[in-house]
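The following blocks contain the structures, represented as C-alpha cells.
Next come two complexes built around chain A: one with chain B, the other with chain C.
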Partner chain A sequence: METGAAVNTGHAAAGLRRKKEKMYITTIKRLLKNKLAVVGLVIIAIQVLMAIFAPWLATHDPIKQNLSAAELPVFSDGHWLGTDNYGRDIWSRIVYGARISLVVGIVSVSLGLIGGVVLGLLAGYYRKLDGLIMRIVDLLFAFPGILLAMLIIAILGTGLINVAIAISIWSIPTCARIVRGSVLSVKNREYILAMKALGASNARIIIKHILPNCLAPIIVFATMRMATAILSAASLSYLGLGAQPPTPEWGAMIAAGQAFMWTSPHMTVVPGIAIMLVVFAFNVVGDGLRDALDPNMDINQ
Partner chain B sequence: MMAGMIVRRFFQLILLLVGISFLVFTSMYIAPGDPATIIAGPTASQSDIDAIREDLGLNDPFLVQYGRYISGVLHGDLGYSYQTKQPVWEAIMTRFPNTLKLAIASIIVAVIIGVVAGIISAIRQNSWFDVSSTVFALAGISIPNFWLGTVLILIFAVNLQLLPVGGLDQPFYTAEGLKQLVLPAITLGTGSAAMIARMSRSSMLEVIRADFIRTARAKGLRERTVIWVHALRNAMIPVITVIGLNFGFLLGGTIITEQVFAINGVGRLMVQAIAARDFPMVQGSVLLVATLFVLVNLIVDIIYTFIDPRISYD
Partner chain C sequence: MSQSKQPLLKLENVKKYYPIRGGVLRRIQGYVKAVENVSLDVFAGESIGIVGESGCGKSTLGRTILGLEEATGGAIFFRGEEISRLPERQRKKWKKEMQMVFQDPYASLNPRQRIGHALEEAFIIHTNMTKAEREERVLHLLQEVGLRPEHYDRYPHEFSGGQRQRIGIARAIALNPSLVICDEAVSALDVSVQAQIIKLLKDIQEKHELTYLFISHDLGVVRHFCNRVLVMYLGHTVELAPSRELYANPLHPYTKALLSAIPRPKPGAKRERIRLEGDLPNPANPPKGCPFHTRCPVATERCKQERPEWKEAAPGHFVACHEVK
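Moving on to the complex of A and B:
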C-alpha cells in the first residue's frame, strides 16, 4: 500500500516534470518569435559578455590618465570611441561600465526580490500578518521611487553599494503585492488543502507548492526591474550620489562629460547610448516574457 | 456614497501622512552623524556640543523628539538648515514654485503628445505612424532623462542657439520664461508621454471594438464624432490613472531634470542637502514631495470615481 502510493507519486512527479519542461520550451519558443525580444536578448548577451570579459575586451586601463591624448574624438587612432578630458579611453570605460551596471542591477533586483517574495508570501499565507505587512507596503508606495532611494542614500551615505541597496528597497512593495496576489489565488485550492491534510508543514507548502506558482509573474517583474534598476543606478550616479570618480560608471561618465559638451560631445553621447540600449533590452525582453508566459494576453496590446 | 468614500479616503490619507512623517523622521534619526556636532562646527568644544544638544532637545526620548517635530511641521516649522542656518520651510518654499512649474509643464507635454499619439496609433493600427510611435514609445521609456536633457541642450542651446542652456528664473508668462521651460519640460515629459501613449493606444483599441461604437457608426454618425466623442470618453478612464501616476513620477523626476538644467528647485535642494548631510533639509524636502505625491494619488482616485461610477473603493 505504502510502496504503491510512493510509486504513484513518483510517476506523477515525473509526469509533472515533463510537463514543466515542455512549458519552458514553449515559453522560450514563443519568446523567440518576438523580434523585439530577440533584439533585446542579443543586447543583454553582449552586455553580459562585456561584463565577463572586460579585461580582455578593454584596449586600455579604464582609469589611467593620459593628458597628451585628452579629448580625442571618436574613430581616433587606437581609441575608436575617443578619449575623455583626462585622456582615458572611452571604449575601455564603457566595457568596465557594462560590468558595473550589470552587477548593480543584479544585486539590487535580487535583494528586492528576496525582500518582496518573503513579505508577499508571509502576507498572503498568514492572515494575521497580512494587515501589518500590507500597511508597510502601502507606506513604501507613498514615495516616488527615486525619492525613497535618495532617503536611503541619505542614511547610508553615497556610493555604489548603497545605491544598489537603496534601489532594492524600492522594488520590495511591488514585488510583495505581486507575490501576495499569487499566493491568495492558490491558497485555498484543493491540492494545497490536501497537502495540509497530509500534515505537510507550512514551510514545505509555501516553498514547494505555492512559490512555484508565483514564478511567472516574478520572472517578468525581475526582468522589467533590471531596466528600472540600471536606469536608476545611472541616474543616482549622475547626481553624484552613486559611483565616485574615477569609477567608469555610465551615469557618472555623462555627468563628467557635461562640462565638455562644447568641445567633446561624445563624452556624454556614448555612455548615454549604452544606458539606453541596455534599458531598452531589458524592457522589451520583459514585455516579451510577459506575452510568452501568458498565452491569453492579446499581443497587439 | 461618494461623500462617505471621500471621508474614508481622507482618514486613510491622514494615517498615511503620519506613517510617512514617522518613516522620514526615523530615517534621519538613525542616520550616522550627530546633529549637535555638525551644527557646532569643527572647532567647538565638548561643552559647546553638549549645550547645543541640550538646547535642541536631542537628549529627549525618540518619541518626544518625533512629537516635537510633528507639532513643528503642523505649524510650518521644519527646523533650520545645518548648512545655511536658514529655516527649512523658507528654503523649500522659495524653490517650490520652480519645481511645480516644471512638473506641470511636463505633464502638459506628456498628456498632449501621449494621448494624441496613442489615439492616432489605435485608429490607424499597424500603419507606419503606429509602428514608429510604438518604437518611439519604447525608446522614450528607455532613454535616461538626464541624458536626453543633455543631448537637447547640445542640439538646441549649444549648436542651434534657439533656447537657453538652463535656469528657470524668469516668470512663466514671459517669452523668456516659456523658452526656459521648453527643454526641461520635454526632457521630463518624454518618459511619461511614452507611458501615456501606450496606455491610450491599448485602451482605445479595446473601446473601438466595443458594441456601442458599432451602434454609433450604424446610426450614421461621422467617424470623427464616433472616435473623439464616443470612444475617447470611455478610453480615457484607464488613461487618467496613468496620468495621475505619472504626475507623481514627474515630481520625482524633477530631481534629476533640475540638476541637468541648473534649475533652483526642491529636487536640487535635496541633492545638495544629501551630499552635505544636511538632515533637516533632507527631511523637510522629502516630506513635502511625498505628501504631494500622496495627495495627487488621492485626487486621481476621486476623479476616477466621478468619471466611472462603476468603480467603488469599498
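Moving on to the complex of A and C:
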C-alpha cells in the first residue's frame, strides 16, 4: 500500500508514520547468518547467471560437433572442461544445461505449487471437500515418484515440457498435504473468526488471511522441491525420457558419457558434479529458510 | 429497564449441540450440549454480564448469537427480526450491527497484516469507500481507542497486549454496531491494563450508545461493568438479576458459591467460602434433573428428578432452582 495516500488526506500526523520494515527483510537477514545457506545461495546465483548469460559465457556452440577434437581431457587448450565424444565443448554444454535445468525446475515447481496450493486450501478450508481431495491425493501418493513421472511421460510422450508436467503432477500431493495442514492450524484462529464476524467472504478469508499465514511452509517446500525437480528431470533425461540429443541437458550428458567412462570420465563426472552442486544448494537454502521463517524467532529479533 | 420496550436482542430457547461422531462410519453417537435452552432479552444501552466457569457455554452462546455457529434449536431475534435461520447472504447486513471483541489479543489479529489494513477491511467489506476515505476513518478509529496514527503501518507483534485489545475494539466498533459481544475481552490482560480497557469500553459505550454482552469468568469485573448479570452452568441459565441485586442477594446456590470465591482486598475479613465438591459434569452426558444437583450443597431428591423452572423470584430477578421459593 502507499503511504502517500494517507498524507493526502490531510492528516499532519500521518507524516509521523515511521518507515516500514518489511517482514521479508528480517527473514533474509536471518538467512544470511546461516553460512551453509549462503554457500547454497551463491551456487544458485551462479546457476542463475549461467542460465541468463549462457550465450556470452559459453566458449563454443554447445551442439556443434568437431570430431577432430573429440574426447579432449579437462584443461585442454580452448576447452577447459574438455570435449565429449563428438568434440562438443563440455563447458558450453554445462552452461546451456544450467538454463535447461533451471527452467524445467521452475516450471515444474510452479505448476505443482499452483495445483497443490489450490487443492490444499480447498481441502483445508471446506470440510466437505476435504475427504474427496485428500483421497485423490492419497491415490497419487500410492505411486512411487519416478514411476508416476514415467507413466505420465508414457502418455504425453518424451520431451522436456512433458518432463516438467510430469514432475509438477508428482509435486501436487505433497504440496497439497503441507498446505492443508497449515490451513487447518490457521483456520480456527480468532482472527479468522473476527473476519467471519465482519462478514468477509470465504474467498477473501482464504486469500487475504489464510494464505499469507501458510506462506512459510510453502516457500520452504518450493525451494526443497526445486532440488528434487532438477534431480528428477536429470534422471528422466538420463533414462532417455526427457531431453533428446543433442540438447545439452545434464542428465542426458551423463547418459551419453557412460560408455566412455574408462577413457573420458570427465564426460560423466562434470555434469554429475553440476547436478550435485545445484541439488545441494537448493536443499541447504530450503533448510536455512525453514529456520529463518520459524515464527518462534519472530519477536526476539 | 422497562419491559414494554422491544428488546434489541431476544434469545428464545437457544440451543447449541455439537455432534460426537465415532466408530468406523463416523455416525453421530451423541451430543455435547454446549448451550441448552437459553432465553434472554437484551435491551438497547445495557451491559449484560454472562458469567460461569470454563466450559459452561458462555463463549459458544456469544458465537451463536453472532452467527459464527449455527444454533441447533431455538430462535434469535435482532430488532424483532429473526436472524438465526437466515441464509449467509442475508445475514451480512446484520453483521454490521453485531460485533465481537475476542479474548486473546495475540490470536485475534492476523500476524501478517498491518493493523491499518486490518481495520480497513471492515469498510472494504461493507462500504464502497475509496482508499483515502477508508484511511481517514481508520486513523480516526485509532485515535478513538487511544492509539496514534503512526500505528497504522505496524504489525500486531509490535504491540503490547493492551494495545492489541484496543485494536480489537477498534475493529469491533468500526461499522458502528449496536451490539458488541466482549468474549473475555479483558481476561488475558494485567489488572492495570484491564482497568484501562474497561474504561475505554465504557467511554465508547456512552459515545456510540452501544449494548454490551460481556462474557467473563471474572465476577469482580462484571460487577462494576454490567447492569445485569446472567449466570450459566453447564449450558443452562441458572440466574439472571440486576448486578446490584445479584451481588447483594444471590439466590441460586451456584451463584452463591461463585460469589464466595471472589478475592476480597481486606486481609483478615471474615467470609464464608463455599467450596464446590467434584468436577463439572460431562456436557455430553449431563445429569438428569437440575444440572447442578451433583455439586449442590442443598440438593434434594426432587433436584435429581425434575429440572427446575426458570421463574421470577423477585422483580427482574430470575432463577432456576427448586429450593428458591
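Definition applied: the second predicted complex is superposed on the first by the 271 of 301 C-alpha atoms of A that agree within 3 Å, B and C clash if a C-alpha of one lies under 4 Å from a C-alpha of the other, contacts with A are read in each partner's own complex, and residues count from 1 in each chain.
To be clear about the criterion, a contact is a pair of C-beta atoms (placed from the backbone, for glycine too) under 8 Å apart; a residue touches a chain by one contact, two chains touch by 3 or more.
A quick note: this is a predicted structure, and the numbers were derived from the prediction, not measured.
In the superposed pair of complexes, A:M226 makes contact with neither chain B nor chain C.
Of the two partner chains, chain C is the only one that A:H209 touches; chain B does not reach it. In the superposed pair of complexes, A:A252 makes contact with neither chain B nor chain C.
In the superposed model, A:L193 lies in contact with chain C only, and not with chain B.
Contact with neither chain B nor chain C is seen for A:V270 once the two complexes are overlaid on the shared chain.
Of the two partner chains, neither chain B nor chain C is touched by A:L81.
Of the two partners, chain B and chain C, it is B that touches more residues of chain A. Chain B contributes residues 16, 19-20, 23-24, 27-28, 30-32, 125, 138-139, 141-147, 150-151, 153-154, 158, 201-202, 205-206, 248-249, 251-253, 255-256, 259-260, 270-271, 273-275, 277, 279, 282, 286, 289-290, 293-294 to its touches with chain A in the complex. The touching residues of chain A, counted against chain B in their complex, run 36, 135, 138-139, 142-147, 150-155, 157-158, 227, 231, 234-235, 238-241, 251, 254-255, 257-258, 261-262, 265, 268-269, 271-272, 275-277, 279-280, 283-284, 300-301. The residues of chain A lying in touch with chain C in their complex are 1, 3, 5-6, 8-9, 11, 13-14, 16-18, 20, 23, 189-191, 193-201, 204, 208-209, 212-213, 215, 295, 298-299. Residues 63, 66, 68, 91-92, 95-96, 98-100, 102-104, 107-114, 117, 121-122, 125-126, 131-132, 135-136, 139, 148-150, 152-153, 155, 157, 168, 171, 175 of chain C touch chain A in their complex.
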